Structure formats: structure tokens, C-alpha cells
Amino acid sequence: MEDSLLLDHPVAGTLDDVLGFELLEASADGARARFQVRDRVCQPAGIVHGGAYAALAESMVSITTNALVAEDGQGALGQANNTSFLRPVNEGFVSAEAHPRHRGRATWVWDVEFVDDNGRLCAVSRVTLALRPAQGG
Amino acid sequence: MEDSLLLDHPVAGTLDDVLGFELLEASADGARARFQVRDRVCQPAGIVHGGAYAALAESMVSITTNALVAEDGQGALGQANNTSFLRPVNEGFVSAEAHPRHRGRATWVWDVEFVDDNGRLCAVSRVTLALRPAQGG
Amino acid sequence: MEDSLLLDHPVAGTLDDVLGFELLEASADGARARFQVRDRVCQPAGIVHGGAYAALAESMVSITTNALVAEDGQGALGQANNTSFLRPVNEGFVSAEAHPRHRGRATWVWDVEFVDDNGRLCAVSRVTLALRPAQGG
Amino acid sequence: MEDSLLLDHPVAGTLDDVLGFELLEASADGARARFQVRDRVCQPAGIVHGGAYAALAESMVSITTNALVAEDGQGALGQANNTSFLRPVNEGFVSAEAHPRHRGRATWVWDVEFVDDNGRLCAVSRVTLALRPAQGG
């Protein structure tokens, strides 16, 4: 997977950019990403918004999978995102690690774990992606 | 539920504000919300980011539930968000309707449906909230 | 859809038979099924086993979808089953209604609701099926 | 945790007994269980029924959690069971390993992995349990 993947992220103005997502690593073995806890990833009470976890999981997994299956002429589209919130976070960084659980012909399944700056697990996501022949050229 | 709930949304700088979420209605019967398809809710390919659906579901359901249980001295915290993506959207508005499926003493469960401007279902979320005694005062 | 679908259910010795599942209706509009609360669908405390809800949802949705897509030379295989348990049941019947939420080319999504004899919602399932060209002949 | 936990399982006539579930290990570190692929855990095509995975996950996790929290006067009740089916199995044994991901005061979350006799991952479950003061005495 090319380093340009990390350099090109985030595309200006997209959700990842607006929310401050940083993609740190992306390979066949997994992916790492994070965001800083600022207002823009929080709900009004100053706690990280549940949607921020779900969105980061979706981004890192989707980007990594697409990069991996592109050489086979495939593309990956998010199909389901199940996120459980375990511990509220209100400062520092939220760091995420994603690992592929299943790489089938039609479907990939990833697990993503989110920890705070003390390494405490604060959320987990399971993301299912559907593989399809890539469009365009 | 007071109209101020809608007037106060979104709080400046929070995720809901940054992503352009609009809360249109919030009552014990359900909630309605929407966002316009702009870069900030999209991934690089110009399709609505899966995390945008999950985040809006989380917001509208959490805000509404908190408003409803506040008089009982309770607060609601997101526990799980399961979102399925059914149809990619790349223009117009994404409109959401949420309906409570279960209002228990310890847990509330909501279903949220997202449609595009042609009324076609593009995503569904099931959100589980945990009720706890409200903090502070 | 042929009535034989209902007559042939359950196949002797299979899970549906062993757990006492009854398929009552199956059409493009939805499906209805039920089971009686007996030891075989319960955990040791005499409460309906969470797996019984998940299993009935899976069965009724899978059977119905397969019957519906068979004329197109397709088959459906369960991909994900998300079940939430809302209220414990320890007697009478558990009755289920399933409605299709999405009928895509590659994926179908169904919602299933379970009620007790007083019509109280006791569980909800969301089942995702993957469509594939049917095997064999 | 007492060995009697394993000896007492399954209780005659309950779902675990009828489906042939075997609990092999249960401790604070995790649980192991399995079932043999026979008609009673299959759907009519001879493939393991999706509900069998969901049910075994629910059983092993619920039994283990209840044993662990009993000394604190707590009981655990299944709240949500999300199971993804990755590979069809039609013979041998399905073996399951469960690991706790989160042990909160109000909620526990477990991950369960299912493999066939060749060690291939065939399903994964995420089970959420709600903790409550134990009843009776």
C-alpha cells in the first residue's frame, strides 16, 4: 500500500477533515488513526459524540480496504457499522486500531477499538464492507 | 418538550454544527432531522459518509431522549449504534425520522430511517441509550 | 409464494423443528411465525433464551427471502443478525412479525418484532441477507 | 468460579441441552464452548443455522458473567446480540471462544469467535449484558 494513502488524507473539506481525523497507518494487517477531543467531535455536554467513533471507524476501514482491493479491480462500500460506547471521553486524544476479522470475496469485516490517552477502552466498532467491481477507470 | 430544544440546536462548534445537522422536530412520538449533502458530510468520492448517518441518528435520539427523561431526573447516554447503509447518496438532503421502539426504565431503543429527496430509504439505524440518574444540578 | 412453503416447515430434526418454531405466513409483504414458551426455548431460569429470538428471526426471514428470490435463480444466505432483548418472557407464546426494509440486488434487510401474549414488545431483530446465484439445479 | 458450573451444564430440556451445546471452560478470562454439527443445529440445507451461533454466544457469555457477578449480588441479562456469519459450516464441530471486552458497573460486552475443525473463522458475535441486582435469595 502506498504511503501516498496517508499523505493524501484527509481530503480538504470532507468529513474526515472537518472532524480532524488523522490516519496514521494503513496496511493489510490493520490501520491506526486518531482525533483530538475538541468541540467539533463532541456533543453539547463536552463528551465525545458517539458519531465521531462510528465515523472514524468507517473512514479508516473503508480507506484501507479500498486501497487493498484496488489492485484486484474491486471497490469497497460500507454496509453496516455497529458501534458500542463503553466509556465517555472529554479530553486528550481518541486513538483507534482496526484489524480485519474476515476478508471474503464479497464481504470484509473489521473490528476497531478506541482508547483514551490512558489506554482505557472507550468504544468498539464492527464494520462490514461489501466488495464490488470498481467503477470507472 | 419545549421549543427551545429546537432553537438551541445546534450548539456552535459542536459536531452537529460542524456537520450541518438540523433538528426539525422532537417529541415523545419521535424526532425529525436532516442534513444537506455537502463536502463536510461526504467521503472523498462525494458520497455521504457512513459516519454522518450514524452521527445524526445518535444526535437526534440522544437529544430527544434526554429532553424527555429530564423531568424524572434522568439522563441518557448512548450505548450502541447499529447503522446499515442501503443506498449511496450524493446530492440534495438526507432526511431522518426517529421512532422510539422501547422506553424501559434502564434502556431506550430507537429506530431511525434516512431517506433521500426522492423518499428512497438510504440507511437505517438502531440506537440504544442507557438511562442513568442525571448528574449535577 | 406457494403454500407448500408453510406446509413443509419445519423439516423434521432441524433446529426449527427441535425448538418448536411455527411459520404462519410468508409473502413479499412480510412473514409471521411463533413459538410456545417451553423448556426447549428457555435458559435455566425459565426465561426465553436470547438465542431463540435470534434463531426464529433468522429462520423466518431466510426462508421467506429464499422463496422470493428463487424464481430469479438466486439464493439468500444470512450475513448478520442483530437482536435486542427488551423484556423477559416466561410463558405463553412469542409471536414474531417480519417486514422487509430493503430489497437490493445484493442485500436484503429485514426487521423482526417479537411480542408476548399481551402484545408487549419483547425483542427486535434486524437481519441482513446476502443474495447469491443459487447453487446446483 | 466453581467447576460445578461446567458440570451442571446443560440443564436437561433447556435450549442448550436440546441443541447439544457443551460448555468447556468458564472463567474471568473467557469461556470456551462448542456444538457438533447435527441436524438439530442446522437449517434444511444442512448448513449450521445462524441462530445456533447466536444462541451459543448468548449462553456461554450469560452463564459466565452471571457466575462472575453473583458474589457481588448481581445478575446479568442479555441486552443485545450482534452476530455476523462469515463462512457456512456443514460438518464437524463449531468451537467458540469468548473474551470480555468491557466489564462496567452496568454493562458487560463480550466478543465471541466461532471456528470450524480447520480453525477457520465462521462467525463472530458481540454480546452486551445488563447487570442488575440479583433477584430472590
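Going in written order, the chains are labelled A, B, C and D, and every chain counts its residues from 1.
The working rule: a residue touches a chain if its C-beta (ideal position, glycine included) is under 8 Å from a C-beta of that chain, and two chains touch if they have at least 3 such contacts.
Quick caveat: nothing in here was measured; it's all calculated off a predicted structure.
> Counting C-beta pairs in contact, which comes out ahead: A-C or A-B?
Counting C-beta pairs in contact, A-B comes out ahead.
> Please flag the chain sitting at the greatest distance from chain B, going by CA centroids.
Measuring from the centre of chain B, the most distant chain centre belongs to D.
> At what distance in angstrom does the C-alpha mean of chain C lie from that of chain B?
Averaging C-alpha atoms per chain gives centres 29 Å apart.
> Between chain A and chain C, what is the separation of their C-alpha centroids in Å?
It comes to 33 Å between the two C-alpha centres.
> Where the centres are mean C-alpha positions, what is the separation of chain A from chain B, in Å?
20
> I need the residues of chain A touching at least two other chains; which ones are they?
79-80, 82, 84, 107, 128
> Can you tell me which positions in chain B touch chain C when the two form their complex?
Contact set of chain B toward chain C: 82, 84, 86-87, 101-102, 104, 107, 109, 111, 121, 124, 126, 128.
> Which residues of chain D touch chain B in their complex?
79-80, 82, 106-107, 128, 130, 132
> Considering the complex alone, what residue numbers of chain B touch chain A?
Going through chain B, the ones touching chain A are 11, 13-16, 18-19, 39-44, 49-52, 54-59, 62, 77-85, 88.
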